[in-house]
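Shown below is the structure under consideration.
A, B and C are the chain letters, set down in written order, and residue numbers restart from 1 in every chain.
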Amino acid sequence: MGDGAESVVTGINDLRSAQPDQVSFLANAKYEPLAQASRAAAILVSPKDSPRFSFTRIVVESPSLAFGQISALFAPAPIRDEPGIHPSAVIAPDAVLGEGVSIQAHAVIAAGVRLGARCVVGANCFIGEQTTMGDDSRLYPLVTVRERSVIGARVIIHSGAVIGSDGFGYDFDPKTGRHVKITHTGQVQIDDDAEIGANTTIDRGRFGKTHIGEGVKIDNLVQIAHNVTIGAHSIVVSQTGISGSTSLGRYVTLAGQVGLAGHLTVGDRATVTAQSGLNKDVPAGAVLAGHHAMPIRESLKVEALTRRLPELVERLKALEAKVRSLS
Amino acid sequence: MGDGAESVVTGINDLRSAQPDQVSFLANAKYEPLAQASRAAAILVSPKDSPRFSFTRIVVESPSLAFGQISALFAPAPIRDEPGIHPSAVIAPDAVLGEGVSIQAHAVIAAGVRLGARCVVGANCFIGEQTTMGDDSRLYPLVTVRERSVIGARVIIHSGAVIGSDGFGYDFDPKTGRHVKITHTGQVQIDDDAEIGANTTIDRGRFGKTHIGEGVKIDNLVQIAHNVTIGAHSIVVSQTGISGSTSLGRYVTLAGQVGLAGHLTVGDRATVTAQSGLNKDVPAGAVLAGHHAMPIRESLKVEALTRRLPELVERLKALEAKVRSLS
Amino acid sequence: MGDGAESVVTGINDLRSAQPDQVSFLANAKYEPLAQASRAAAILVSPKDSPRFSFTRIVVESPSLAFGQISALFAPAPIRDEPGIHPSAVIAPDAVLGEGVSIQAHAVIAAGVRLGARCVVGANCFIGEQTTMGDDSRLYPLVTVRERSVIGARVIIHSGAVIGSDGFGYDFDPKTGRHVKITHTGQVQIDDDAEIGANTTIDRGRFGKTHIGEGVKIDNLVQIAHNVTIGAHSIVVSQTGISGSTSLGRYVTLAGQVGLAGHLTVGDRATVTAQSGLNKDVPAGAVLAGHHAMPIRESLKVEALTRRLPELVERLKALEAKVRSLS
């Protein structure tokens, strides 16, 4: 830990990597040992945590938020997206573009599209027929949005994401032994302030819609099947998959690599821990874990006993021997 | 449930979302409770299921198929892909394009490519050298097909899919401590009527080929490694991964998030349930589940007993106490 | 097995598929049964393995390496990337391009980019502002590299990969009930000789960098979160996900579909087997397995006993009955 009183701060960094001329922050009690061992000039901490520490610290209401503000001071200037339409973009004559949009090189915008004011469409994006987008939304380069999608305001979609691909549905015809494609005539609706990660896929509804609620944050490489509903302000972490017609409430958290079966209902504020599998409805507020997910307390207990199976089997054997000797 | 006799139907919907002026359908007995509770004007049911219900119903041989036909009546007009070549597309002079193809904006088609009649190549797609495609196949926007791929007729490839990337193979050189890339000179072959999901990746063979059989349906974000073979009419659900040189029979079903080790053989009509892991060959017709997948009955029993471990350990403890008191 | 002495070899193939006019190879003792059953004209084997076999064989120091050399003889000519800039590419006036670069159709290169000599930028790629790339690196078609990324020499990035997308981080504001996006002002650094698979995503650092070391090989559909560090010559197999700020040593191997929690440290040469989950630090050289990963020996024992739970419960019941009869 640097002697804060005399330090010149030249940058910021995480607790582990911080040098004696950098500032760091502690937002989660779990990282206290890293804070204690950090070489940072000073560490942002909350008023609640501060008394426990002797290292040089800056006490702020929200260390994470304050750190974000400080980091902006040291950050390189953000990339400016010049308003205007790059001459290489291909835009249907009847597309309606709001004031101040930035349409970048080789973007393709199909017939009937309507974009709100100040939207940014990155290089090599495709926006399909009749899709609409609210004000201040942004597609990073190489995003695909298929036809008739409805995207709100201030939505961010990262590179490689595919919005509105066909749902995965077939009728098996026993006479021919072939899978017959079910036409998916529905759409995808993404509400205001949602964010969609890189290379994530969101299929269109079979009919009706696949619906991503307001403020929902979806990480990279997530699969959202046809007719799924995700309630407002829910969080879906990387590589999770949600099967068709499953419905999530508001403020749900799905950690990474979770899988949900189809046609389930997950209640508000439920949490599913990483790598879990869900094949039953989940009540509001539940915290679930495990391959056939169960309440997390039960799951931790089962997990611990599973690890103790070798010892338990030894105890069973000893008991069998003893009972044999008794009889 | 609406009074069907007097209803005007203005649309269609799933059982859960259907309004009193909409028609729905029941194709799977598992959703009977949703049918009973539905507000739909009428529900399509099969002759076999019909007698069990009192709600207004329309009896048809295949509710799902009939529903697809009805939904087409209410669906917006499908997007028309105008035949012709967009002036911004870049096409090698020696590429051979069938009659009535639609090559969309900014598509890139390399030397020696041959496309069948009425193929659609979406915006910003890339088709590599000497790749061939049969009649009536379709690449949605932003698909990559690398060199020398062989794609059949009526194949559909969704946005973001990558066909023919290099396999993941290296020789470790102990002298230098470095991984030396193995050149993958093979190809990918996708047979007639297959469908490949959004952002799915299919690696080319090290030599020979990675082979997707006729009528195979692959969902989004699936990984197919080099030299994998998937037999005709198999189904691979989202986020599943198949390691190198593994061979699947016909009509195999891999549910979501399944992982298969390399060099395995999976028999015809085998099924692997969601999130399972396979590291052994699978006989034809088997239904497997679990991380080290086992027959599903066994897996369900083990799963149930695992959940009962806390109780079983209590019983073991009680028994130990009793035996102590006896001896 | 062909009579090697009289065979004309017309090609190569794997042990299973080889025809009597093809050569194959055996590099791993595990595939000996396939070698014994192979119809290949001859099989490359090592001096150590050779004495055990009677089939026609070609004895070479490294069968895999030698096979690679032979396969090059039968392989189609590699695709040549003509040096030069395709007229449809859009390149910022201040971008600096090394000697002999190949910039293909519809590629977009933003302001301040610097590319080393002989770099190849595939069709429809995007390279963001101020990104740099060393000599002889290659982006296959449809790769996205966001602003300020630092890419070394001889790096290969496969189609659909996204480098430098924003990390997934939000501060929850309890007053408004909304997730507030954390600006990610860091970057991605990929060192010399690394290879990144198709549709893999690597998020930029929140600050500082996400760092992929020299010679690291990453497969398809892998997720690397913000501020992750991967030590030199590590291997990350398909569909694995690594959460934010986790640090891997050198020569680490993560098999397919593995998940790592955030802020972990994994020691040099550690191995994590397929589908495992890691939520604790890992010492150097450890081999771990399981959902809450443990040393592989322990994991195999627990796994075996878990499968025997039905039998163990029967033994427990029998014991209970016997003790009842004794008391």
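Methods note: contacts are C-beta pairs under 8 Å (C-beta built on N, C-alpha and C of every residue); 3 or more make two chains touch, one makes a residue touch a chain.
On a predicted model such as this, the values are computed, not experimentally measured, just so you know.
In the assembly without subunit B, touching between the remaining chains still links all of them into one piece.
In the contact between subunit B and subunit C, the residue numbers used by both copies make up under half of all numbers at that interface.
For the pair subunit B and subunit C, the distance between C-alpha centroids works out to 23 Å.
Shared interface positions of subunit A, defined as residues touching 2 or more other chains, are 88, 106, 124, 142, 160, 199, 221, 239, 257, 291, 306, 316, 319, 323, 326.
Against subunit B, the residues of subunit C that register as touching in their complex are 12-14, 16-17, 30-31, 62, 64-65, 68, 71-72, 74-76, 79, 86, 88, 104-106, 122-124, 140-142, 156, 158-160, 193, 195, 197-199, 215, 217, 219-221, 233, 235, 237-239, 251, 256-257, 274-275, 291, 303, 306-307, 309-310, 313, 316, 319-320, 323, 326-327.
Partner subunit B is touched in their complex by these residues of subunit A: 88, 90, 106, 108, 124, 126, 128-129, 142, 144, 146-148, 160, 162, 165-166, 168, 170-171, 177-183, 185, 199, 201, 203, 206-208, 221, 223, 225, 227, 239, 241, 243, 245, 247, 257, 259, 261, 263, 277, 279, 291-292, 294, 298, 301-302, 305-306, 312, 315-316, 319, 322-323, 326.
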